[in-house]
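Take a look at these structures.
Each of the next two complexes has subunit A plus one more chain, namely subunit B in the first and subunit C in the second.
== the complex of A and B ==
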């Protein structure tokens, strides 16, 4: 596993009130074996809420893949998919 | 207020041990049109509710009368006639000190039975001659007020204390007769020599804390200190919201860059704009977790970067409800309030572009319109905290 996975979580107003606050606890749910390759950072605002076609807040982005109506579970699924583990 | 000088007024107090309500009142009132500030410190007879009523009545009347240029003597007479008489002691009594100062430094101080005011200039105490004003009262002993008038110079501090400060520690081995006005003055000089720029509220807080310490944190009387500091203004810039059109993004960034003073950016999009224009990265402190308030971020050259509307809403709430100017600093909103209270002139630059998502009926109602929240904050800063505010839309 040499690919690095960067997760960016939006902390803007709309995302925060629509559940983004919970996303910030993501780090606690990352499986042990992925700690080395996953890094989590925040964004002041990913600006996706301004275009409807991107979906609904909260947003997170996993190595370029946008996740809308994001939950810790959905983000974890995407991380696992990219890291090729089930 | 003149551009160059500003009157910073603040106070701190501790109540008598086991009392929920104070019998000391420090009240300040700003007359914007005349650039004047009237501050009154009043200490009601006894402690608790009864004293609080006396002191509140006294300070409110004194402040109103003096604002309207009613004579000192007349003011005192009216107050003394109005105060309710204590059933046990058969007297009505509440001390007061009134300071009337304008932005040119013209100062009048009227004192009745409080410890005398302390004036510190260039790190040294200055004695001001006081003339007695006699008030005749039929059943009681005559009352003598002290009147002083002088021109405050830049950098002057006027310190008012209730007798809870000067009499603190009374009966203890260190201060058998209480801390004493002389010692209070020495303590103030010491603090100022260590920290010549100390803010009015920090100075007041240190004096009250020391007085409380003299009584092992169980005050025998209500303990209040008010400080008026005549000095160069400290300025704070608060930028919130994206400009109405993109071409003004660079204007906004330049305003932030060239501002002299503390700087706060409130809003994710706004932070992104400044970050892009000034080519500086923003890092969100994602470990700065709090259930209600989004995390703060760091950007070089900016004192504080926060989320927008939720944080500002909380700021308004904190400014409205804080009784004593003592906020613990944890969330972005606490930090903003703290910076606002530590500055004198607060410039708001508000971007007027609306984020349509915020108007979605699924969003919580707390997401107010930015302009309204800012207006509310400005009013609180002006009325309750005697700050000067400026507003510009972009």
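== the complex of A and C ==
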């Protein structure tokens, strides 16, 4: 696998208060075989919370794919999809 | 239950909406729309229909406006009227919790339930062993008659397929002091002669049917008034936002507080006084001493372990010393404690130096409503910084560490930490009060993990504890 997967978690206050706090535990749930290719970083406010069209906070981005109302499970699903594992 | 769940998020969303309307100056005009906004026509439903969902949103708003839902006399009374009353109110009254009886699903009539793993066997030990003849066979499956079952659990023990499960009532199971129970309709009610205000029931109810009576409106009103409003922040706040302590304090100022004091300053005083008192008590041959900083624990002692009272430290809580200091310097100011705790709200009602209490969750919601991003706030140095001793209080073992560091090193110190009040740990404490103390210093934290795992937090308790420890150098 040569694809790198970068996960950006919005740490703006709106995201953090509305459930984003728990996304900071994401690292604990990344399957071992993906440790090498997945990197997780916190991001300053992505400003998505300012417009309703983007959905509801918290937001995360997995290689450009925006996930709204993000949970650890939803973000993991997207990571696995992009890494082509079930 | 994981603290991060849908009921929590709905509550926060409503707090944000209510605070936004307050800032806009249209609270009374627009609040009636909130239930419809949350569940518009043809939207997905959570309960039986959107009308019930909307009704529940209304009750949640009533609690956020600070009222007691049980007091509802006229079901037609609109939220705008409740909002007007909240805006006009000058006093707050106990109790700190309220039960949304319409929200309580009256779940789990009896605690034993036959799952479809039942094989309808020939032996039928569940039926044979039930002392109340509560089990019958229907379509080849055992069925428990709710009217006859007395929750003895013999059927569960008897089933060779483990097909009968125990289902708790989550709020009742969470309550360490049996203060919450069903009324004649199966709905939960709180007995305030027993309640220690720990908030565990509220956190554990999967229907979000037990809520705090929020004081956000009262605090917002003070913030837009003429008086100085001073925030006192519990040290647990250190790990509650994804940024440093200084920025959190600045964010609170941007909400309109005139200054922010660390309650860790009071905790420093608590540590010093308690260490001194410990030495004195040991000198007087008292067998042990126990902590006084957790208000849910001291309430539990008062109501459930009266024999323990004489061993509880007479040292005051960190909030007490901090509020006392502020009152002395600034007698006219309004004081607001901000922390992770519901029991503190009760403690504050009995302390004239503390006017209001906000949880960290409420603070977070107010920041979101005002569009303040904590990360973007300036990191100005704290004008009167506390020591690491006081800042370490909110993590379990922190108070013990503080005493260890403060007493003379040649004193005998055998600490025992009670990490979370439960029915079991209460028994340990009851035994200690009767002479079976497991050490000479007993720290008790009602919330498992300490205040960082309190009912009013935002951060994952593990993440928060790690952050506090990193700052204070605790192990």
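Everything below uses one rule, namely that the second predicted complex is superposed on the first by the 86 of 86 C-alpha atoms of A that agree within 3 Å, B and C clash if a C-alpha of one lies under 4 Å from a C-alpha of the other, contacts with A are read in each partner's own complex, and residues count from 1 in each chain.
Here is the rule we use: a residue touches a chain if its C-beta (ideal position, glycine included) is under 8 Å from a C-beta of that chain, and two chains touch if they have at least 3 such contacts.
Values in this document were obtained by computation on a predicted structure and should not be read as measured data.
Between subunit B and subunit C, B contacts the larger number of subunit A residues. In the superposition on chain A, A:74 makes contact with neither subunit B nor subunit C.
In the superposition on chain A, A:40 contacts subunit B only, with no contact to subunit C. Within the superposed three-chain model, A:11 lies in touch with subunit B and with subunit C [touch as defined at top].
Touch criterion not met for A:83: it reaches neither subunit B nor subunit C. In the superposition on chain A, contact of A:19 is made with subunit C only, not with subunit B. Within subunit A, the residues touched by subunit B in the first complex and by subunit C in the second are 11-14, 16-18, 21, 24-25, 42, 44-45.
Note for the complex: subunit A touches subunit C at residues 11-14, 16-19, 21-22, 24-25, 42, 44-45. Contact residues on subunit C toward subunit A in their complex (touch as defined above): 4, 9, 12-13, 16, 241-243, 251, 361, 364-365, 367-368, 372-376, 458-460, 462-463. Touching subunit B in their complex are the following residues of subunit A: 9-14, 16-18, 20-21, 24-25, 27, 40-45, 47, 49-50, 57.
Across the complex, subunit A is touched by residues 267-269, 271-272, 275, 282-286, 289, 291, 294-295, 297, 305, 307-310, 355-358, 362-364, 367 of subunit B.
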